[in-house]
Structures are given as C-alpha cells and as structure tokens.
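The data blocks that follow each hold one structure.
Look at the two complexes coming up: subunit A is in both, with subunit B in one and subunit C in the other.
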Partner chain A sequence: MSRLVNKTKRRRSRMSIREERTAYLYLIPAFLGLTFITYLPLLGVFTISFFEWKGISSPKFVGFYNYVKLFTRDHFFKDSIIVTIYFSLLAVAGSMIYSLFIAMLLNRKIPARGFFRAIFYVPYVLPATAVYIGWSWLYETNFGLFNYLLTKVGLKRVQFIANSKLVVPSLALISVWLAGNLIVIFLAGLQNVPQIYHEAAEIDGANSWQRFRHITVPCMTPIIFYNLLMSLITNMQIVVPALSLTDGGPGNSSMFMTYLMYRYAFKSNQMGYACAISFIFFIIIAIFTGILFATSKAWIFYEGGD
Partner chain B sequence: MKRGEKSIFKSRKRKERIASVITFIVVVFMAFLVVFPIYWIFRTSLMSNAEIYKYPPIFIPNKFRISNYVETLKVFEFWKYFKNTMTIIVPSVIGGTMTATLCGYAFARLRFRGKKFIFSLCVGSMLLPNMVTLIPLYIMWTNGLKIVDSYLPIILPYFTGGGAFSIFLIRQFIMTIPRELDEAATIDGAGKFRILTNIIIPAIKPAMIVVALLIFIGLWNDLLQQTVYINSKEKTTIAIGLTNFRGALKADWSKTMAATCMSFAPGVIFYIIGQKYFVEGIVMTGMKN
Partner chain C sequence: MKVLKKVMVLLLVVAMVFGAMACSKDSTTSDGDKTTSQQDKDSGKKSGDTKTGEKVKLTFSIWGGQDEQANTQAVADKFNASQDRIEVEVIAIPWENYLTKLNSMATANELPDTGMMMETAVIPYAKEGMFLDVSDMFAGQEVLDCLAFKYDGKVVAYSSANEILLLFYNRDMFDAAGIPYPPADAANAWTWDEFVHTAKLLTLDANGKNATEAGFDPDNIVQYGCSVENLTWQLEVWALSNGGGYFSEDGKELIIDNPATIEAIQKVADLYLVDKVAPLSTGTTDDGIPRTIITGKVAMATNGQWNIGTCLNTAKKEGLNYGVAVLPYMKEKVTICTGGPTVVFSQTKHPEEAKEWLRWYNSIENSWALIETGTWMPIFEEYYTNEELTRKWVENEAFPPYDEYKSAVIDYALGYTKQASWYYTDNIDNFYAVLGSVLGEVWTGGTTVEKAITGNMDVLRDAFEGK
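This part shows the complex of A and B:
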C-alpha cells in the first residue's frame, strides 16, 4: 500500500516538473516583456535621470541636478504639470458624466437601441491624429462650425485652439467625444443592475432620483471605478493633440508632460533631463491611481460582499 | 377600490410612455451632436475652398467634388501610408494575441513555482503608463541594438504577451471555463499544448478577438511612437503622413479634410464589419475585472 502511494507520489512529481517546464516555456514572452519592456526600462528611467546625457557624448553623473533644475528653473515644467492635471480632470469628469448619462438613456426601452449604441461608439474607432486635425477645422476661428454657431446665437467669435485659456477645455471636449467605449461598458453594467431592486424601491415610493442615487449608483460603483481608472490613465498620457496640432502652444498652454518629455528627449537631445520628467510623471500617475485605490474601499459596493 | 388601482396603474403607464418619448428625443439629439462633427468634416472634404468660406455656411454641398480626393492623393499617398500602417498593425496583432494566449493559459491552468509573484508583477505593470518607459526603450533599440528607422521597436514589444492587460484578460476568461474539460482531455492522453489548441482556444475566441482589437486600437491611435522610431519617407504611416500633410498645407482645409476622411475610413470600415466584436469586446473588458 505504502509503495503504491510512493509510486503515485513520484509520478505526480515527475508530471508536475513537466508541467512547470511547460509553464515556463509558455511564459517566455511574459518574462521577456516584464524584464525588457517594463521593469528594466522603469529602472532605466530612474537611473538615467541622474545623468546628463546629450545623445552623442557619454553620460555624465550629475546627481539630483536634473530634478533641482526642473523644480527651480524650468518654467515649462511647472506649466506642464498644471496643464496635464487640469486637462485630465476636465476630460475625465466630462467623459464620466457624459458616458454615464448616455448609457442611462440607452438603458431605457427605446427603439433602435443597438443602432444608437453603435453611433455613440463610432468616434472611438477613428485614429486620434485624424480626429484632432478634423476637429481643428470645426474650431477654426473665422469659418469653423462652432464659431458659426456662436455668432448665430449672438456671441462673439473665439479662438478655440489659438487661445491659451480655451485650448485645454477645447481639447478636453474632444476627449469626451471619444469616450464611446466608456458608454458601452457603463451600459453593460446598467443591464446587470437587478431589476428587482428598482421594483422594490418603487413600491416603497422612491422617486427616480432616489432610485438612481441609492440603487443604480451603488450597484455601478465597481464599473465606475474601472472606467475612472482607465479614463484617468488614458487622459494623463495625452500627447497626440500637442504633437499633431498645437506644439504645446499657444505659449505653454497645451504643454502636456508627455509632450515636454518628447521635446527634451527628441528635439534637444537631453535624455537625462527628459527621464527626470518621465519619472516625475510616473510618480504623479502613481499618486492619482493610489488615491483611487485607497479610497475605493470606502465607496465601492460589492454585491454579496460585506 | 379596484377602479382606483386601475387608474393609478393607467397614469403610471402614461407617465412611463411620456418618459420614453422624451428619452428617445434626447437620444436622437445627442446622437445627432455626436455624428455631426464627422458629417461636417466629410462635407468639407467635398467642397471647394471658396465654398467652405461662404457665410452662412452651406450645410449640404450642391456639388460633390470627388476631385478633391484625386488632388489630395497626389501629395497624400494614402495607399502607401495605409500599407505601412498595416505592416505595423498586422504582425503586432497576431503576435500579441498569440503570446497573450500562451501566457494567459499558463497563469490560468498550469501549476508552477513563483506563479503568484510573477502574476503580481504582471498586474503591477498594467498600471505603468507606456509613456514612462519610452526613452529607455528608445535608447535600447537605437543605441543598444542599432535598430534605426524600423517598425520593429513598435512591433516586437507586442510579442511579449501583447501587454499585461491582454494576458490578464485571457487568463480571466480561461478561468471561467470548466476544468473538467481539460481533465477529460488529459485522461484521453492530450498534452498541455493539445489542450490549449483543441479545447481552450476554441472556447476563448471572443476574448482573443478583444485582445486583437485592443492592440489594433492602441496602434491605430498612436502617433508618438511612430514619430520617434520612423524617419524615412518610404516608411511614413497614416498618422505621420496626415500630420505632415496638414503642416504643409496649413489653410487648404478642403484637402486637409479629404485626407482626414481617408484616414477615418479604414477604422469605420473595420468597425462596420466587426461591429459585434467591437462592442461586445469592450463590454468584456469592463465586466471581467
């Protein structure tokens, strides 16, 4: 009896060794990716940020000089942090409100729902560069659609893209327009909210706002969290409009952090300095996602959990 | 009593009907707002510059100037750009989906030491924005490996599992498939690879399509990486070509919009063909987490 157990045990372990080998074999891509595409480069950003490195010349260790310079002398940098956070807050808030609103409408019984869902999703499949260039024509000062509409309601023409106060909100509006994927995710979430809750609340005399506030929102919190996180990470990394349209201008008013990093690294060859920006960018995103995760326990409602 | 109940029921019914009608009107209005920019861009692409500068603007052009597109194509070499863009996208999508499936399968089904640790490294990297590692990667490709003016620095990273998110998605999806199926196949003598190809892959096709789509959309929206890694004219992609075209023409709006519409077209066509997958796929990304 004991010999039999032993034998199966040994065979089991031989099988599990083989299984382990298979697993490592299949995971080779992930190992390579995690090492060379993710974690070593992250270490690289941190390390290079302590060097002065101008492309051709060999890197020179300068300690915290790059960081000191960023925070004390570089006015581009300070503006870029403000612009990036300002843009992200507008774009994220706008996208979340817009997409939840549309999803709630589409969640009601309306004719041709699938068709409308498809329509709201269309902007998401257009290539970003073409979207920004297309919209720059709508925003054009003299002949653009939006300025025509403004004059039509008796307002003055404005420069949407060429005005330092309006460029960020104008670009954020495009981000909101692109948020079709959030609508689709919200809609799927809404369809999972148990109808019984609504019916029960209605019998108890809850009005539609109360039902939204106390049933829909709590049930949707996990999906709100997911959309919030994805939308935040996407919008913080915004770079295409600066690259294809504004060059960070007018002034520094659309100088997103990613674009500033690109400029230092690839226009003026200051690799070390640009890495210092990358690293601070990383820290800022980590802080924002950290806040989201830290507060999530308090406001996310998991059905069935306690 | 009974009559009273009935009338309450009736009035509620009526209220609901009114609400539905209002909802429908709002939806139609919002859909109109969303589509109108695209229509406006398209309509501009079919008009002469003299026509688009008219006030008040013409909403429906009385003559469709297809010639704008012919003129635009003389400078904006769309087919070349499209071919180049696809040269990046197609191998990335195939490589990313395949490797994501392999890795996702290993995480979902196979037992090995260090699984928890490696998996948490994977999940951790999902929150690391690509922008952060751009410069070291650029140095690695150009200084280290001497790969310059090539698509490889954009394509090859996708062969490492198509990004942590793809691996994660595939893993989550495989976890929902009953293990009994694998076990039955094992008893029949199938190895791990046979189980993967004959049982798992047919069952997780929707998730693989999602991964393919997400990789497609990511590259479709990219401009920065293409700008950084590609220098030569022959290798120009749609995104770079369009940016350059706009920069060269400045105020020739009708041609710029013709080029913009051409760049819109492939996405819209892919979307119409694969609409079901686009929508269901995106839904899945939200639900599986």
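This part shows the complex of A and C:
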C-alpha cells in the first residue's frame, strides 16, 4: 500500500516537472521581451543617473551628485512631486466618483441608452492635445467662455489656468471629463452585480442608498480596485496639459514630474539628471501602487471567496 | 533524442526572439534617421576619398516629417542639377527628437555634413567643437552683423533669416478713438509713458468708457489697449531698453538682478496689474499675435516681424486693418533680432563643398518664397540699404505700405538692433525655462519682479552656469 502511494506521488511529480518545464519554455519569449524592453532600460536609466551627460559631451561619472542636487538645489523638483501627487489625488477621486455615478445612470433603462453611452465615451478617444487646447479656450481669462458666462451673471473673472492655486484643480477637472474608459469598465461591472441580491434586499425593505452601499459597492470592489489602479498610474504620469498649455506654470504650479523629466532630457539635454528624476519618479509610483495593493485585501470583496 | 528536440525548440525560440529584436532595431533606425541616406553618405565619403572625379555627397539635416523632407529635397535637387561636383541629400528628423538624434549621431561620429540648428543649441554645440568656422562662407556678400553666432571669437553660424521685434496695431481701433497711429520711425518713438497713456485711451469697458475716464469698469473690459509679449526671450528687449539687461555684453555674467532690468519687467507686468490696459498673459504660449491683434480684442501688441507672414496676412484678407510701428522705449531705443541658423558640422570631410552648398541654400532666391510672404527678412545688408532691392522685397500686397514698413522695420532693423542672447550665451534654454518659472507668479500679481528675481538669484545663476 505504501509503495503504491509513493509510486503515484513520484509519477505525478515527474509529470508536473515536465509541465513546469513546458510552461517556462513558453514564458521565455515574454520574459525576454520584458527583460530587453522593460528591465534593462530601467537598469540603464539607473546607471545613467550616476553620470553627468549633456548629450554631445561624453558622460562623466559623478556618483550620487544628481540625486543630491535633486533634493538640495533643484528649483522644480520638490514642487513637482507635490503638484503631481496633488493632481493625481484630485483627478483620481474625481474621475472615480464621476464615472461610477455616470455608469449607474447609464445602467438604468433610460431611452437612447446606447447613444448616451457613446457620448460619455467620446472624450476618451479624442486626441489629447486638441482636448486641452479646446478646454484652454473655455478657461481663458480674458475672453474665454466660462468667464464670459461668469461676467454675464455679474460675477468676477476667474483665472482658471493662469492662477497658480486654481491651475491644478482646473486641469484635474479636464482629466475627470476624459475618464470615459472608466465609465465603460464600471458599466460592465454593474451589469455583473446579481439582480437577485437587489430583489432580496428590496423585499427586506432596504432603500436605494442602502442597496447601493451594501450590495452594489461590495460587488463592485474588484472593478473599483482595477479602475483606481489604472486611473492612479495614468494621472501620475500626466504630461499633456503641461506640454500643450501651461509650460509647467504659472511658477511651478503645474510642473508635473513627467514634464520636468522631459524638459531636462530633451530641452536642456541633461540626460543623467533626467534619468535620476525618472528613477525617483518610478519609485514614487511604485510606492503608491504598493499602498493600493497592500490595502486592497482589507476592502476588496471577491464573490468566489478567494 | 527527446532532450535534443527540446534543445532545438529552445534554440528556435531564442532565434526568433532575437530575430524579432533585430528587425525592430532596423526599423527604428530607418524611421529615425533614414538608414538609406546614411548608407549613401558613408559610401559617398569613401568614394569621395578614394576616387577623384566622382561627386561629393553631402547630407543636410532638417527638422520635420516627410513633407518637409520632400520640399527641402526639391530645393537641394535644384542645387544638384546646377553643378556636377556636389550632391546633397536631405535628412528629416522630427522636431522633438532633433537634438537627441544629433547627439547620438555625434557620438557615433556620423553627424550630417550640414544642417539646420535651434538658436538655443548653437553655443552649447559650438563649445563642444561641433561646428566649423564659417566666417568666410558669405565672402563678397555683406550679411547683417547681428545675425552671426559667435563663439570664442569665431563665427560658428549665420541665421538663415532676420527677425526683429515690432509693435503691431489695429488701425480701425485708433480711427474709432480718433487717436494718431503709433510712430513708424524710431526718431519719434513713444516713451513708455506715452505708450501706456495711449493704451489707456484705447482700453474700453462694456459701457464704452476708456481707462482714463471716471467710472471705468476694469472688470468688464471689452477692448484692451495693448499686450506686450512676455515670453522670457522677448522680455529682454525691455530690460535693454531700460538700460539693464539679462547678461553682460560678452555673455559671461548674469546681471538680471540689475534694478533697471527689474523695473522694466515690472512695468510690463503692471500693464495688466496696475494700468488695466492689457489682457492677462502668463508668457507660456507662443501665440501672441493670434491671441491679441487677430482676435480683434487688443489695439496694440508687440511681437516678431514673422507674424506678417505666419498669420497677419491671412487675417488681412479677412478684413483686419493692421499697421506696424517701432517699439516704445524706456531709456534707449532698441529692438532685438533673431533667426534660425544653418551650420557646417565639424565632422564633415568636405568643408569647402559644405560651405558652398549652404551659401547657395541661403541665397536670396531660395529664401524668396518666405521673404515675399513676410515670414522672413533677408539676411543681406544690401536689401536694407539699396532702395531698389528694398522695393523689390516690400512692394507687394503681403506687406503694410512701403513707407511705413521701410521706417518701422527696415531702418529700425539697421539702426537699433541688439542680438537676442542665444547668439552669445551658453545654457540659455535652461536659463529661460527657469526664468519663466521664476516670473510665473508675477503676471497675476502673486509676487513682484524684485522678490521673484532677487529671491531666486542662486537658482537663476545655477541654470545660467549649467550647474
């Protein structure tokens, strides 16, 4: 009896070893791709960050100088971290609430539902620069549409993107408006919330807020997590509004990290320094993503229980 | 047997992956810098060195895409057809990657023979010895002095066009207010105070009151008197006008904390903040004239001459009635000039042919299409001094009336011009980026110019010194 058990065990493990080998074999192409397109460049960026390299002149090893300079005497760096995080928090919170709300409306049996679904998705597929230039004319201080309307009703002009305190919220609003992809994903998630839960709760006398709070939201947590993650990463890498509208200004108030990196790398040709920034930036995004993953276990509800 | 099969599969997979990578590498090179032209150039160099009597092959790099490449190649083909010793091939590199690409080409010792260059990159490249001395390129033809980029006493590049800063104005707004037009000749240039006073008369609120009248409502302005461009490089003209500046004349010292400079920039900011005659502009986008004169909401605006060709002509056909005038002044009458250069890279093996090509490329005939539409001004002095040539250039419906343009642009350019600072200073791109950010809060009144500049002098100096 004991021999038999042993034998099956051995046979099974031999099979599983073979399967494992095959699995690794199939993983090789993807692994090579990741290595050469993601990890080696990352290593490259990290290495270059220890050099002073201004394009044409040959690279000079400077140790941690670039990092020391970043944290001690860079005029933009500290502001750019704060601005990027501030923007991301506003844009992520705003677009999550907005898109969940719109998705719930679009999930109802309203007339011309398909049409409205398309309408809310359209901003996402428009070319980004065109969107921002268009919004800049709405926001424009002297002759923009919003200010025209404000003065018509007797209010003071608002410097939406010319004012250093308002520029980030104004840009975050555009980002929220652009979140059509989140709406689509939320919609798909909402359609997967089992109707029987709602019916059961209704029979028990739960009102619509209670049903939203205790049925919809828990069932949606995996989708919320996914959207939160995607939205966070996209918004932390924001660069288009700074490139097309604000040039990082007024002052440093919209000097997003990706834009700062672009400026050092491709405008003033300080490759080593730009690499140091992108490495720090990589770490910051990693930290935020890590936090999100670490807390996810506490609030994500998987129906399968696993 | 089985083992062998596995090894073979593994090898195959590895080969495919590397094959795919090799392909992608190939395609990126051909996208970026046109592999074919590179090969042509190499073979050209070799044959040029070994065999005599064969054509010398030159490359000329420009920024742009396929269209620009085709257009410029068409020009080069004319040159190729005009003689039988030199053949020029155009390489187009996207604007965003231009310097990055040149940097990697320089490292591989594969720079083009000649090329266009960004104004701000000339001195940094010259410092690395990347350009040939081209002071004799235009021998026999007088090029305007202010268009030479100099490093270490040598001319390393000439601008392909001339541009100066001017005052543009809307004639209809002056007529409606019954005010004489701004002066077209530097001798009668307005002082800053006269300029501001006129701007006040032309700034109207929703009730039709101008900024000098009692009861004027600055929150409901429908027409602004002026807009002085506050891009950092254009602001320098006001610093110079007030007897200050950004840099010492040799470009070696930073003097932007000079009280005259600070006062001048503050005066520009005060047009919006105090005088209420200008719309708010934060100096972040380069669309001054379309945003002001062409929207029909601003009576006077300063900007570069090129706007005649790039946007004012089209607006004129649609009914805009504009004129040109000289800039007002604070203490000294001055404007600044600029113009994108073409260069001979020092890695070329055919310096004489390269200079001959650029001399031909920059000839008046080749630039004429841009000159006659008002986008470029000629680089040759005779077009400014010889009336016959001036008339040939300016008597054309693309331009404002001859007399006005002659005195406000041509005579002004000859007599009152200083070079933009990229003609002689290093690290200017980074410096302007930092300065733009330092001044960012000034335009909305968040801080004063004095606080912004003196409080950030160490940052500005670091940027200027390239630290």
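Here is the rule we go by: the second predicted complex is superposed on the first by the 269 of 306 C-alpha atoms of A that agree within 3 Å, B and C clash if a C-alpha of one lies under 4 Å from a C-alpha of the other, contacts with A are read in each partner's own complex, and residues count from 1 in each chain.
What we mean here is this: a residue touches a chain if its C-beta (ideal position, glycine included) is under 8 Å from a C-beta of that chain, and two chains touch if they have at least 3 such contacts.
Just so we're clear, the structure is a prediction, and the values are computed from it rather than from any experiment.
Overlay on subunit A: subunit B and subunit C clash in the combined arrangement.
In the superposition on chain A, contact of A:Gly248 is made with subunit C only, not with subunit B.
Contacts of A:Ile196 after superposition: neither subunit B nor subunit C is touched.
Within the superposed three-chain model, A:Phe143 lies in touch with subunit B and with subunit C [touch as defined at top]. Once the two complexes are overlaid on the shared chain, A:Ser268 sits against subunit C while remaining clear of subunit B. Touch criterion met: A:Tyr226 reaches subunit B, while subunit C stays clear of it.
In the superposed model, A:Leu32 makes contact with both subunit B and subunit C. Look at A:Val239: by the touch rule set out above, it reaches subunit B but stays clear of subunit C. Using the contact criterion defined above for the overlaid structures, shared-chain residue A:Val153 touches neither subunit B nor subunit C, since it reaches no partner. Applying the stated contact rule after C-alpha superposition, one finds that A:Ala294 touches neither subunit B nor subunit C.
Subunit A is touched at more residues by one of its partners, and among subunit B and subunit C that partner is B. Residues 29, 32-33, 36, 142-143, 265-266 of subunit A touch subunit B in one complex and subunit C in the other. For subunit A in complex with subunit C, the touching residues are 21, 25, 28-29, 32-33, 36, 54-58, 69, 73, 75-76, 141-143, 151, 156-157, 159, 162-164, 245-253, 255, 263, 265-270. Within the complex formed with subunit A, the subunit B residues making contact are 19-20, 23-24, 26-28, 30-31, 34-35, 37-38, 40-41, 44, 52-53, 55-57, 99, 102-103, 105-107, 110-113, 115, 118, 121-122, 125, 127-140, 157, 159-161, 163-164, 167, 192-193, 217, 220-224, 227-228, 238-239, 242-243, 246, 253, 256-257, 260, 263-264, 267-268, 270-271, 275, 278-279, 282-283, 285-287, 289. Residue ranges of subunit C in contact with subunit A, taken from their complex: 6, 9-10, 13-14, 16-17, 21, 96-97, 99-100, 102-103, 106-107, 124-125, 128, 130, 219-221, 224, 279-280, 282-285, 295, 297, 427, 429-430, 433-434, 436-438, 440-441, 443-444, 446, 456, 458-459, 462-463, 466-467. Of all the residues in subunit A, the ones that touch subunit B in their complex are 16, 19-20, 22-24, 26-27, 29-34, 36-42, 44-45, 48, 102, 105-106, 108-111, 116-130, 133-135, 137-138, 140, 142-143, 145, 148, 177, 181, 184-185, 187-189, 192, 223, 226-227, 233, 236-237, 239-240, 243-244, 258, 261-262, 265-266, 271, 274-275, 278-279, 281-282, 285-286, 289.
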